[in-house]
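In structure tokens below, several structures.
Common to both upcoming complexes is chain A, partnered first by chain B, then by chain C.
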Partner chain A sequence: MIDITIDGEAFSVAPGTTILEAAGDRVPTLCFDERQTPFGACRVCLVGVEGASGPVPACTTQVRPGMVVDTQDPTATRVARSVVELVLSELPGPPAEHTELAQVAAQLEVGEPRWPGARHEPVHDERHPYLAFQHEWCISCGRCVRACDEVQGTFALTATGRGFAANVVAGLDEGFRASACVACGACADTCPTDAITELSLLRLE
Partner chain B sequence: MDQRGEITDADRQLAAERSGLPEAAVYGVSTFYDDLLTPRGKRHVRVCTGTACFAAAGEAHVREVEQGLGLALGERAEDRSLSVAETVCLGYCHAAPAVRDGDVIDAGPGAIERVLAGSCRPAPEPVQVSTFAEPVLLRQGDWSGYAARTTPEELLAAVKAAEVRGRGGAGFPAGLKWEFAAKSPNPDKVIVANGDEGDPGSYIDKVLMEDNPHLLLEGMALAGFAVGATQGFILVRSEYPRAKPALDRAVEEAKAYTDFQFHVIEGAGSYVVGEETALLSCLQGLRGTVSARPPFPAERGVHGLPTVVNNIETLCNIPYIAKHGAEAYRALSPNATPGSKLVCFNERFAKPGVYEVPFGMTVRELCELAGGVPGGIKALQIGGPLAGILPASLLDTVFDFAPMAAVGCMVGHGSIVAFEEGTDMHAVAEHLLHFGASESCGKCFPCRIGLNRAHAMFANGGPVDKSSLEALLETLELGSLCAHGSGMPAPIRSLITHFPEELGLA
Partner chain C sequence: MRFDASVTTTCGYCGVGCRLEAHARNGKVASISPALDGPANEGHTCLKGRFAHQFSRRRDRLTSPLIKENGTFRIATWEEAIHRIATELGRIKSDHGPDAIAGLASSRATNEDCYAMQRLMRAAIGTNNLDNCSRVCHSPTSFALRKSLGLSGATGSFTDFDHADATILMGANPTEGHPVVGARIKQAALRGMKLVTIDPRRIELSDYGVLHLAPRPGTNAAVVLGIAHVLHRDGFVDHDFVAARTTGFETLEALLPQYTPEAVEEISGVPAELIEQAAHIYGEAENACWSWGLGVTEHKYGSEVVQLICNTALMTGKIGRDGSALLPLRGQNNVQGSSDMGALPDTFTAYRSVDDEEVARAFEAEWGVSLPREKGYTIPQMFDAAVAGDLKAMYIFGEDVAQTDPNTAHVVAALENLEFLVCQDIFETETTKYADVILPASSFLEKHGTFTNAERRLQLVNPAITPPGGAKTDFEILTLVAQALGHDFGWDGPEDAMLEVARLTPHFAGVTYERLGRRGLQWPVAPDGTDSPILYAETFETPDGRGHFAALPYKAPGDAADGEFPLILVTGRRLQHYNAGTMTRRTGNVELNDRDYLEIHPDDAERLWIKDGDMVSIRSRQGRTEIMAQVTDRIEPGHVFTTFHFPETRTNLLIGSSADVNTSCPEYKVIAVDVRPMPEAATMVPALAGA
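Our next item is the complex of A and B:
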């Protein structure tokens, strides 16, 4: 077992444990889903580690003996807050209150975007009987792609484009219906913004 | 792509069938790389927008090509006879601006007129000058280092004792990297030569791969000998059309010297693929996005095997060490980082080219070697687009890792790009951030969104709010997953420090 300290509290965890696994809910996340391999993309789980040259991502950093972690490290929190601010600035509007993104934004007390700019154009796929994809709400966290690959094993989704134009599509960008999708709903279940959601829920709104 | 000028869903389905990849994954790949994204006409013209071309012509050459050919960057004529695209960087920084018509690269005076007239001719290759009586890197590889090898343990010890630091930018000790892989219990190991480090302004790797491929192959075979690998991959930039044929020829010839298996693979146009985890993804036919480490390539790299990823120039240092030993190598740069270093200069210098120098010279001395800049030096960007910018007042800085870092700059990839007197430094910031935003792989959020916003702050024409810029740079620097996002703030910070009035900060 490895002894570490998180926010002044002593923990003893198995070798190979990540900081996030050890620290649990006190660290906010966006691209993380405990059913999936850590991805390290959103950088919202940044924490302070004594002796490190800067904030480290909790989800992809394994604990080391004697590690001293500060989940409230001011620099790490400031950067994580800025990242969420950037994410909000690329969306068409505020995310629905029940979404993980809205909850993380509230937890980090994210303010008005300081860096306005391009937003994603609305592109809707509502051809599938159960699943809807509103691409402008996609934040490229990759959770749906990993849910499809790692949890369901269907490989119907992919990241597409690069840079600010990155997004997610089904199959050959042909929508869920024509792709290999088996309508399991794992992508909608994990999506932190409701970019992918159940069509019936969308029609309720 | 080459025949029809675009990728269709039928192509993607065929690729999926042949590769065993899911159709969605193939689609993802086909929307990632420059070479696959831009529709091509029968004639495909690419305009270089690298930093050296910018330093030579601003964007005038781009506008001339667009107007002269009647197409904007990324457009194809309706009859599919012609297409025009942007490319970064063709590696003809010594003769900028450069343009590529098919596989002919023309550069320098008259190149733009010739491309408009449809009469491009191959640009002259750069001069190569070594300051050493016995060059380490600018001598033809003759496999004598490979012939002089003793045991893997001794070679690994020599490379560690020689303190070879990686020449691609990060400066990580090559011996340490080798040791990680050598220690792996997996008997199958792989050496990867990173020939897709497309730092605009650097053409060192281009010269080594095209004109001295045997030295590289010898270095790779030695790396394989030291760590216990029997095969290696060279991922070579598609922006250097002469490189793969030269390497393919040398691989055939190398069979006379070694059993080490070489595989030469061409990239498809992505700067971030120069990052090692992205490189390995590209090498395996996937999207060239960065992955979080661990696992490090030394544990799990190509096809899950322990993998050593080295820069081209780094590997080219190894034959000398194998032949002459660590002490002789260290003596090349007394009281400085051991070994010799290639630097290359842009077209603003009187005598641009690739020069082999010791570490420890001042930047001023290096510039004098290349004949200085007739238009006067306003600032230099040394080491690539992620490097800080050195104002003329700091030319006496010593060219080595620590002194360069102390002034916010780096050795990096060894390129020395001069911005001459009169260069608009706001335009430099905008140019660099355009590059940064368009090359972001899109994986981590700070880089994907932050570089788009940073570019917008400089491109919108208004004043740049200093405090929100500083906060954005901090987010990029401390939050990004790889050196692309975390490195792009460095030149901007230099510009804030040295040219605050020009940036229009408010």
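Our next item is the complex of A and C:
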């Protein structure tokens, strides 16, 4: 076992454990899903580690003996907040309350983004009986693509575009129905913003 | 809030046993998501479990009892319906004896429902004429595992696929039939587990495996014997294990020499070198699994093939530890449990024979009745007896035999010949047409209880919504019917039934709902609640504690292609639909797949002038139906494949009466057929072949 300290509290964890696994809910995440291999893309799980040159991502950093972790490290928190604020600044509005993005923003106390500028226009695809795209909410976290690859193994989703145009598509941008999609719903289940969601949840009576 | 309430429950579709969070709003299921801590699904589901729940509030749900009068059904009160059932069953019992009545328990219902059903038949009516649909799917697996190893269940868990170095998957198409296990196997293969698929069709998982064997339907025994031959010849036998733990190896050794890969190629059409390779992959693996489905069992010698599979695990010692397991993929959500609960004509709970005096006395003492010691009718025997006039009444609970059972014409003749038929179901089906009383029952989303998955894992079922209209839970209905017949179960609810099972059944001794909790328990469950993820680590559960080899030669299947019926039909399932489609046909899944279709190889299609999408006529020795053709090289030349999800196709009209020699499981997988283009209106324009 490896002994570490997180926020002044002592932990003893198995070798190979990540800081995120050891620290649990106190570290917010956006691109992480316990069903998938850690991806380390969003930078929302940054934490301070004593002796490190800067904040490290908790999801992809394995614990080392004697590691001292500060989840409230000011630099880490400032960067994580900025990341979430930048993500929010591109969206058409505040994310729905039940979404993970809304919960992460609340946890990091990020409110209305300060940066004006281009916001995504609604692009919806409701051709599938169960699954719907609301492309304007996509934050390119890659969770849906990895759910399709690593959990289901169907490889129907693809990250597409660059910069502001980055998004996700099914197949060759042909919609769920015409793609290889098997409608397992793993993408909708992991999506932190409802960019992919269940059609029926958009039409709740 | 988007939802009024959420409950954690267990999926009511296939035998994988996914744990689900069901979310309700305004009295309907609004959404279902996977439980992250579900042991079998680990946060995943498929389109059936996650999305196909709208059937639960369809307008055509049965919401009040129906009684047939002058050939048509009228709405009745529960009092009338129950009274009618008690009167008719009472009359038939006094006129013809209890064995003129038979019942079917439902493998989609809970353990508690099935236990109540078997107590109703045995204690309230007094007959062992009781069966469930495992008869027509995995009864051969149950028979064989009990013979070879002792217990009727998988020897391990789905996590064994994660720990195996190799897996042989035979006669199963999990990415369609058991999608969450299919995804698990695919991920394991992507990580490097060597996957061998054996199936007449090139299934999706074949593309992720290292080897695909496509035997002629009905020749599985030869293929498994060929693998055993090579394991034996090339030094993969674990002699220490064989000596310490098994019996009967010499008889198998005497049989194996004739099953050379070349001889097996002659029988099965599988190239000899592929038999060699498959055996080496299995033999060389430190840990390896076998997994199989109905492509193994639904044959004339299906139970023998399962015994032959057990041979290979026993001779190599690949059993009883992580990553080395025998994992049959059970079909329906609770087909394991319905049999465990004794809803069978020959056994009480945990497969203890009805003629076991000590066991029978224990049940007699608990129920306060005397019980018959003679075995009852199996499902096919029930239909034969009904046609012969010996069986007068049936109580069919949650099963659409007129669509799912073989030789539909015979089944319908049997149902029509009954004096009295009770159907307890959630929809009108092909079978309820012949009922005298229909009782409106509940789906898995509306009841309490437990299901047992293909890992022998009992898991809690909790209601997300209430039964619609005047429908009642199956447990309540069976309790009322038993009461009307003068037998009081004395239970306050499903848990009391499970506690009775635990009291009377050593293998379930430690089961309580509290202990099942969120992760369930895999039977046998000791009195202190310790469960059994792995069987046979130390000893087998046969009477002598040893694994039993079975020296069973290959024998030809019950049907064969000939000049009149030159193609072999194999039937199975597709991803979007579940069995008879009663549930999935009433959901958005029909938008993704709205019909049964016939897969045919391009060579056969060209020869028969059949194009993709054409309607074709398919005729067997039993019957004829019409279906759309799909031209695909997933199937081998000489074979065609279809499903039985849609009643308008009536695929099972084509199936004959050939059945497993030990369990009478029908041979759904080998039917000689003739396929032709449909006669079109005359065009008076001569056509050229291939044009």
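Things to note:
Keep in mind that, in the parts below, the second predicted complex is superposed on the first by the 204 of 205 C-alpha atoms of A that agree within 3 Å, B and C clash if a C-alpha of one lies under 4 Å from a C-alpha of the other, contacts with A are read in each partner's own complex, and residues count from 1 in each chain.
Operating definition for what follows: a contact is a pair of C-beta atoms (placed from the backbone, for glycine too) under 8 Å apart; a residue touches a chain by one contact, two chains touch by 3 or more.
Note that the structure is predicted; figures quoted are calculated from it, not measured.
In the superposed pair of complexes, A:Pro65 makes contact with neither chain B nor chain C.
Taking chain A as the reference, the larger set of touched residues comes from B, when chain B and chain C are compared. Residue contacts after overlaying the shared chain place A:Trp115 against chain B, while chain C stays out of touching range. When the shared chain is aligned, chain B comes close enough to touch A:Val83, but chain C does not. Once the two complexes are overlaid on the shared chain, A:Ala165 sits against chain B while remaining clear of chain C. Contacts of A:Ser140 after superposition on the shared chain: chain B is touched, whereas chain C is not. In the superposition on chain A, contact of A:Pro129 is made with chain C only, not with chain B. In the superposed model, A:Glu34 makes contact with chain C only, not with chain B. For chain C in complex with chain A, the residues that touch the partner chain are 2, 25-26, 30-31, 33-34, 36, 42-47, 50-51, 175, 179, 183, 186-187, 190, 208, 575-576, 588-589, 591-592. Residue ranges on chain B touching chain A, taken from their complex, read 9, 12-13, 22-28, 31-32, 270, 287, 289, 291-294, 437-446, 448-453, 456-457, 465, 468, 471-472, 474-475, 477-481. Listed in rising order, the residues of chain A touching chain B in the complex are 30, 38-44, 46, 54-55, 57, 59-60, 62, 75, 78-80, 82-83, 86-87, 89-90, 114-118, 139-140, 142, 155-166, 169-174, 179-180.
Against chain C, the residues of chain A that register as touching in their complex are 34-35, 98, 129-130, 150-153, 177, 182-186, 189, 198, 200-201, 204-205.
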